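When the chains are written out, they are named A, B, C and D in that same order, and each has its own residue count from 1.
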């Protein structure tokens, strides 16, 4: 399983979460990755954890003030990036462009989507993975695998019909090891989570609990 | 064949073009449609021509100042809408939402895209048709069917692989009957054109020439 | 006083509201205007009511699919336009561009803003009027003149300091004649309202009540 | 004078430029600042140079994936930020929100604008500085102080009329010490430049030439 902890713009210590994630990742078969704010990427990557950007822009080098250049993100230690998160929805043409930008910078890509139709659309653009996150469940604490298991299975089927090489992750409401196991049983090969770890009193324990049933 | 004349924000008389299109449509097997500015929809539809909106918003009824409500567009005579034109690129989630909005208002839908990958993505969202328009050819007068025939064939294949019920149109540089025939031979079941008719000295003659080889 | 009824994307009959507004306008010193969806502009203007667009785009004539061209809006009977409504926030440079576009098409302009600082910024761009609408009060039924009278007075002062020729309107929660009088006493020379009329069982009576204390 | 080198998304070595800028800054009365990609902020700030972000988002801490949090930028060494650069135009309400966010994180602010009207609007929002950069001159090598001196003087006057405490910088085409002197003589208290240094064969020499006439 791939477990991605999205730190969003939370008031957590990104390095402390990253160190905990790096430690926990050493003791499990699962890959545990952390996606901090762009400005925190270098410090997070220095911990040795698998580091993702939260977004990269579709542009390449050039006159693009305020963009998040894929090459810059990679130079600072990121090995992958989220794209089109529900809090950072992008134009279809720009998702396509950002996938090209990520490919040039050798970044793995996870394109988020609201529902199975959008998952299929995202899969058609050729990312490494797609993630289905029903917006109405994000941050609720109710896992999508429990609130709406069909949406996960439908997303897995939808992506497979378009391109079987694209992994499917699921997000929204994931906070326990049981949620991760449930996601796996529904066909997901990864999970996205955020507040369950980033806002936990003890992120290390939260991560240990999360990956415990996976080994 | 489906022939859609997009009036964009051109300084033409939308009613005069619509009347010419309605006349020409009566003498051909092809469907000839006109897509004017939203404010001109009612006057264009009054000519009897098949009328398309240039865009509809993803929202339904409610507090959405400045939106282009699908129901309002339909109430004023539109029977279909373009979506995600290269001059009006939209978020993936909003294209999906606009397709739902169009379905509620009984509008046919044509989602535009830059390349075969985006055509496949658009087809996965379930529109009536997708249109491939390489941005670099728009307005050039060089038809895509001649400058880059592969992109049309690849778009036809890409859409068919995702959903064979989705029609594929092509645009960019179409201005003559030969261009339309070439598009048809490459597998397209419709064409989008704009300046070739809207900016012609005599739109009626331009349209007649366009559909002449189709009958 | 200037009273603008913004129909947003409400499920009302725009022509019925416009006819009521035209009638009421004939019996009062106040100017009563209606801002419908762009596609409804021509039918609303046909009632003889003062007709506003909800938005116009910064572009002029040209290749701008899906834009709302100021000239097209004017050709269909609009004499003014809202800009930058809180449901249609725009870039600073585009508000400036839309004001230029509106000037070319001879449209009066009302730029909306959240607070006195943004009112001052909007006034610096040279519109005919600015409107202060605290977003948290929109649609609440609690008038800004009652919930936050300081914001109206501060907006009036802020606009006057930048350009005394710019009128100041206020919106958010306006639904009765008392609200309009209160706005006038705070220095506003107009009001924006929406659901109080557009969603009223009897828009005509709602409008009559609204303007009754003004004469 | 304040001299800000905007690295945009150029393929330069941000640390090398920052080291050169830090050295040159030590030998001049002018403040020399560098604005790199967000992911490069920490490494640039480590050189000791005055470090600016290219943009910060209007949001505070919270669920804002893909945002550029002001606090995160400050934690990584930035002491200021550009806002609303012509390559990153923002909504009026978001510029206002980003100024609040920057204030919370103790960042100095420079709001860019196209023309004197937008400069006045930006000044009304209370930034530390505004910068006038006619878009048609950016990257041309022809300095605004030479191509269009009136726009600089008008911007200085426009900002002063709204808020005399707001500094005015100018940008677009600045590449030599003479350009900086000309800007100063027109009333600007700072300059923005980009390619003139970032794409120079020898950024250090370019910077030395730039500040030489200032001492």
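Criterion: contacts are C-beta pairs under 8 Å (C-beta built on N, C-alpha and C of every residue); 3 or more make two chains touch, one makes a residue touch a chain.
Since the structure is predicted, the reported quantities are computational estimates derived from the model, not experimental observations.
Colleague: Which other chains touch chain B while also touching chain C?
Modeller: none
Colleague: Select, from A-B and A-D, the pair of chains that is joined by more C-beta pairs in contact.
Modeller: A-D
Colleague: Same residues or different residues where chain C meets chain D? The copies count as same if more than half of the interface numbers are shared.
Modeller: Mostly the same residues.
Colleague: For chain B and chain D, what's the span in angstrom between their mean Cα positions?
Modeller: Chain B and chain D have C-alpha centres separated by 43 Å.
Colleague: What is the distance in Å between the mean C-alpha positions of chain A and chain B?
Modeller: 36
Colleague: Counting in whole Å, what is the centre-to-centre distance of chain A and chain D, each centre being its mean C-alpha position?
Modeller: Computed from C-alpha means, the inter-chain centre distance equals 33 Å.
Colleague: Note the residues in chain D that touch 2 or more other chains, in rising order.
Modeller: 86
Colleague: Every pair of chains that touch: which are they?
Modeller: Per the contact definition above, the touching pairs are A-B, A-D, B-C, C-D.
Colleague: Hey, which residues of chain A end up touching chain B in the complex?
Modeller: Chain A residues touching chain B: 84, 86, 89-96, 113-115, 117-118, 120-126, 158, 162.
Colleague: Okay, in this complex, where on chain C does chain B touch?
Modeller: Interface residues on the chain C side: 6, 8-11, 35, 37-43, 53-55, 57, 59-69, 71-73, 75-76, 78, 82, 85-88, 138-139, 194-195.
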